[in-house]
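Below are two complexes that have subunit A in common, paired first with subunit B and then with subunit C.
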Partner chain A sequence: MTMKNPQLLLSMETRRKIMPYLLIAPVIIYYFIFWLFPVINSVIGSFKDIEDQWTLSNYIYIFKDPVFYQSVINTGILVVFSVTVEFLLAFGLALLINIKFKGSSVFLFLAMIPMALPAVAVGAIWTSGFATRGWLNSFLMTFGFIDDAGKFLFLAGGKYASMLLIIIVDAWQVIPFVMIILLAGLQGIGNDMKEAGYIFGGSRFQVLRKIIIPMLKPTITTAMILRIISAIQIWLIIVMIFGFNRIPVLLEQVVLNVDELGSEFFLRIGMALSVIVALIVSLVAILYLKVSGSFEKKDGDSE
Partner chain B sequence: MAVTLELSNIAKRYSKKVWGVKKMDLQVKNKEFIVLLGPSGCGKTTTMRMVAGLEEVTRGTILLDGKDITDKAPRDRGISMVFQNYAIWPHMTVFDNIAFSLKLQKIPKKEIRLRVEDTAQMVKIQELLERLPGQLSGGQQQRVALARALVVKPKLFLMDEPLSNLDAKLRVIMRTELKAIHLKTGATSIFVTHDQSEAMSMADRIVIMKDGEIVQIGTPDDVYFRSASVFVAGFIGTPPANFFNVHCHIDGKDITLTNENFNLSISRERFENLADYEGKNIILGIRPEDIEIVEESEALFSNEIMVIEPQGSHQVVALNVSDNIVKMIVPAETKLQYNDTLFLNFKMNRLHLFDSDTELRIN
Partner chain C sequence: MNNSIKRNIFRSARLTSLYIVVAGIALIIIFPLFFLFSFSFMSDYETYSEWPKPLVPSVKAEFMIDKDSEGYHLYIYNKSKKDFAGFGPISFNNSETDLTKLSKYIKIQANCKISIEDINSYLSIVDRDGEIRFSARKDLFANYILFFQVTRDAGPSVLRSLMVALFTILISLSIGGMAGYAFARYFFKGKNILKIGVLFVRMFPAVSIAIPMVIILAKMGLTDKPLGLSLVYAVGQISMSIWVTASVFMSIPVSLEEAALIFGTNRIGAFWHITLPLALPGLAACAMYAFIGSWNEVISAIVLTQFNPTFPVVVYKALIRSQSQVNLITAGSITQALPAIIFTLIIRKYILQMWGGVKV
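Take a look at the complex of A and B:
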């Protein structure tokens, strides 16, 4: 048999196997150029000194720097508290909106506004809010909660007060995002699942704990992992409200070294620092997925 | 027999124009198996949900074992329910699904295991107790839902179209099993369906609903042989009853029902209620098996066969009587052919007569 058409040289089977790779090829190429390449570049860069010699000195510098440990601790505190607060409030709001009371869609719309604002705008809003003559104080004065002498010095507080402010601002911006994810998950749970819970003896709380939350677990895991990762990477809000180095956190230090200090030496420190941040993020993510049981094999489970 | 459930004048209004149920009065006796039957949208699910406490009533009261449960939470009512889409929880094993209510009642672990295993045995899923619902077929999930509802030994057992998601063969098997389970447990039950043959085969009494109201309550024989309205006669039966518009003429002891196809004489004695209908039009209903093939001399009318539908055990023959399709059931042995002319008569003791305006039964 002679084959003129070259396409026929490949069996149907082979072509079927190659097809998916052809289809995702553009994505992979994109990935290589715009992601993998820069990443490899900075990983290599972090192990070189300004004379382009291999070295560990960048890392040693970081690990000797007390500000680094300070920023790890600060980041840790912010992650734990902001993610917890955000999750609890967002879950409460999602449950509330999911009841579909009168005006719940208006409420949903209002609740989503902070999400639409870019971080820079959020920073601007709150910097002007926290100023001693800012809108927060004048708001409180207008309603008579405080008088002129009692104005809060929001930005002059200690470290923990400042971090509390950061958590509040971050929560304000992020809660809608978490809420939307949870709400989508809630709406995927059939009403009859809950109703069966009520019929078979469950109180509202028991149905929430034994049926809704377990069924929502994949969604919760997704929301939490996204939030934890971006909470580790918090920096812009802090810098906008407090400037650099007041409340040092990991990513702020990266930016500080790379963009602000501006010399070749600090650029390399910044590279090393970002490698460390990337490792921390991956580690935390894997740890969380492990703890939440997402790696457990669900045999034959098809929902 | 003691009354278990009593619905007095209950109604459900969803919005200004939409009534789920307009008016319902119903008494369900102890150990009775009641079927709510009606076309889609007639308010069966709404009724069920009001009894279960999943929907507030707009009006009326619900008594269970003599106690007013109208405003009670579902879990305080002593009822259980099988949902149309099973609603078994995907994250719990079959055992945990069935044991859910018992665990909440803080029943000792040993007793829970015994009761769950007993119930699983009854619905034949004892091998599946450790599986997750995602690993079960539709029919098996159905059985889990059934077991979960049975295990609580409720005062009242509600089932909302529990068989409608099963394939035709399994549906017929489950019908029989459900009825057997009912006979064994004696649980007072309300079963919802839009499938009249399911209703006929399972019910002690059928409640036929239309547009949010009850149109007839009765045993399967009642609703079949003494259908309360044109709607009921046309809803029940496979195929359902045939209808003819006839003119009623009363002359002394004789009554004649006339239309362009036949003159049917009936004796006045047996149709006393027709007295008021002299000179008026009424609707005559006749069931497919009550039309007989007779000798030409005894025929009421004759007609050509339009279509023959063999069913194995019998055949359904369709005739075109003045542009009105009439279906009749003929024994399988009768040799018939397309276009044959049949000579036909009605079984006189099986006539259904209805008022043309109200469409309600006269005789």
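Take a look at the complex of A and C:
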């Protein structure tokens, strides 16, 4: 490419320097007004009592509350299990169906339905399914797999059975979403790379480990980070199936305090809790990015 | 020779296992959806008095009336028991009040419309023959109709929800798209930090942003208005849009824009005439994604609306407090899910492009 006018080149050079900042400015301004301002308000609010005096009592209240620790543990268990299980399954499935096959577009549509469903619908599906007299038991009985005495007590089960159900329901809704992200990434890897791996005598597993996974790493990081952020903030589906306070999780407690209990005192507790949640989410996300090495790239590095 | 046979066998085995896996996943996805759909067409009687519950809704109900010294008795055919079972009042006579009650009861419990005149004529046959069996067509959409009667504000709230979704798409796509373009095309200081930074916005629980937002929106005069709500939704959607649009723009070769520059257009012209048309499918997918996000959101909407709730809030409030009626809840949730599913149908072609080059 030859430029006829050196002056134009120069002005374009300066323009190229300013342009990205101009393009990003609206986002920064928007986030200053509609994110940073409310967040600062929330943080300040969490350090004040009902009489508007500075205090730590909201945090002390939370740290003295056994339900808080329970919700931290529950959230932790749910995040660890659901994120790993969902990722491994989604990755395996994406590898398997990474070929254009007949009906792949219909399949893609099907896979996207669960993530498009509102929580009310997901809740309705599984409360009506996991009820002792729900469709799952009805189905099993109609086809003779169980008899009336052998009904599964899905929702009436203990705490760990309930957690397992939550993980299953979450996986049902989320695996397709993760799979689609990974599938999109896989399709970006050219066949020639894989073939080169095979030509040099690599086994299928070696090609997967040495070529596909490293090339897919950015996509994996994206999928994982989005999943971790939303997995820690899981609550609505739990409330839809079990109601408030059966299986306490962090964000459910935030909503409970902010929205359901509806007094100034609990509002401030909710704000303090959400500050804690935000800290936990950021910490985990940064930890993940550190471990996965995403910070190693320098600024202005090319993609 | 031997090798090629081996390869052929391997390939067909792989294809077969692929189809088995695909069919398996499809089944796991469809199975629960099928019951959601199925329940929404069932009557109260089908969902609560039959055990095991029917797997598919029936299109008609069968009744029987007989008579003894206490009066007439009504029975309904119970498919799970394979026999007629007592239905409604223990006994009734052919007075106007009894028949009105009966007709209403049949309508509510079995979703069948049987007029008083019809019952009267049936009763005269019972007087003559001792009993009568008759069937009535079930009103399949009764739950949906009831749902819209229960949620009185449903119509206007759908309109409001659509407006909220539209504003959210406009805000997040324009602001996010600009930044996404910058991330895709330029190298600048702080790029990586910024790109991860916009994701951190999603880490503060949205509910807790909604509460201070009440004050900000009040100052702007946007309290309880669709635009106010979409300003809040856009916070999360913008960061998503940035990531998605960045990947979309990255997938379009810079050389195309440069070629346009050589031919004498300026950068804006090149973007407008070359990049934008090519990016349109991906941007459309991104827009639909924002639509789904804003259409399904409940909790910030509960905090931020008062007299003008969005459709999900109306559904949530109508259904969640009345946990008992499964068939009504399923009808309501299908009504809410339908627009999102239709939009999914539209974006499915573009979804892979949308996630194409996403990178941290």
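Throughout what follows, the second predicted complex is superposed on the first by the 265 of 303 C-alpha atoms of A that agree within 3 Å, B and C clash if a C-alpha of one lies under 4 Å from a C-alpha of the other, contacts with A are read in each partner's own complex, and residues count from 1 in each chain.
Everything below uses one rule, namely that a contact is a pair of C-beta atoms (placed from the backbone, for glycine too) under 8 Å apart; a residue touches a chain by one contact, two chains touch by 3 or more.
All values reported here derive from a predicted model rather than from experimental measurement.
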Greater subunit A contact set [subunit C / subunit B]
C
For A:Gln206, is the partner it touches subunit B (first), subunit C (second), both, or none of the two (neither)?
first
Considering only the touch criterion stated at the top, classify A:Met193 as touching first (subunit B), second (subunit C), both, or neither.
first
With both complexes overlaid on chain A, does A:Gly150 touch subunit B (first), subunit C (second), both or neither?
neither
With both complexes overlaid on chain A, does A:Phe101 touch subunit B (first), subunit C (second), both or neither?
second
Counting only touches as set out at the top, which of subunit B and subunit C does A:Pro214 meet: first, second, both, neither?
first
Considering only touches as defined above, state whether A:Val27 meets subunit B (first), subunit C (second), both or neither.
second
What is the contact status of A:Trp35 with respect to subunit B (first) and subunit C (second): first, second, both, or neither?
second
On the A-aligned overlay, A:Gly262 touches which partner chain: subunit B = first, subunit C = second, or both, or neither?
neither
Subunit A residues contacting subunit B in one complex and subunit C in the other 298-303
Which of the residues in subunit B come into contact with subunit A in the complex?
52-54, 73-75, 79-81, 83-85, 87-92, 100-101, 104-105, 132, 134-135, 148, 152
Taking the touch rule as given, give the residues of subunit A at its contact with subunit C in the complex, in rising order.
1, 15-17, 19-21, 23-24, 26-27, 30-31, 33-35, 37-39, 41-42, 45, 93, 96-97, 99, 101, 103, 105, 107-121, 123-129, 131, 133-135, 137-139, 141-142, 148, 172, 176, 180-181, 183-185, 187-188, 218-219, 221-222, 225-226, 229-230, 233, 236, 240, 251, 254-255, 258-259, 267, 270-271, 274-275, 277-278, 281-282, 285, 289, 294-295, 297-303
Touching residues (chain side subunit A, partner subunit B) in the complex
190, 192-193, 195-203, 206, 210-211, 214-215, 217, 298-303
Subunit A-facing residues of subunit C, complex:
15, 17-19, 21-22, 25-26, 28-30, 32-33, 35-36, 38-39, 51-55, 174-176, 178-179, 181-182, 184-194, 196, 198-205, 207-213, 215-216, 231-232, 234-235, 238, 242-243, 250, 258, 262, 267, 292, 295-296, 298-299, 302-303, 312, 315-316, 319-320, 323, 326, 329-330, 332-334, 336-337, 340-341, 343-345, 347-349, 351-360
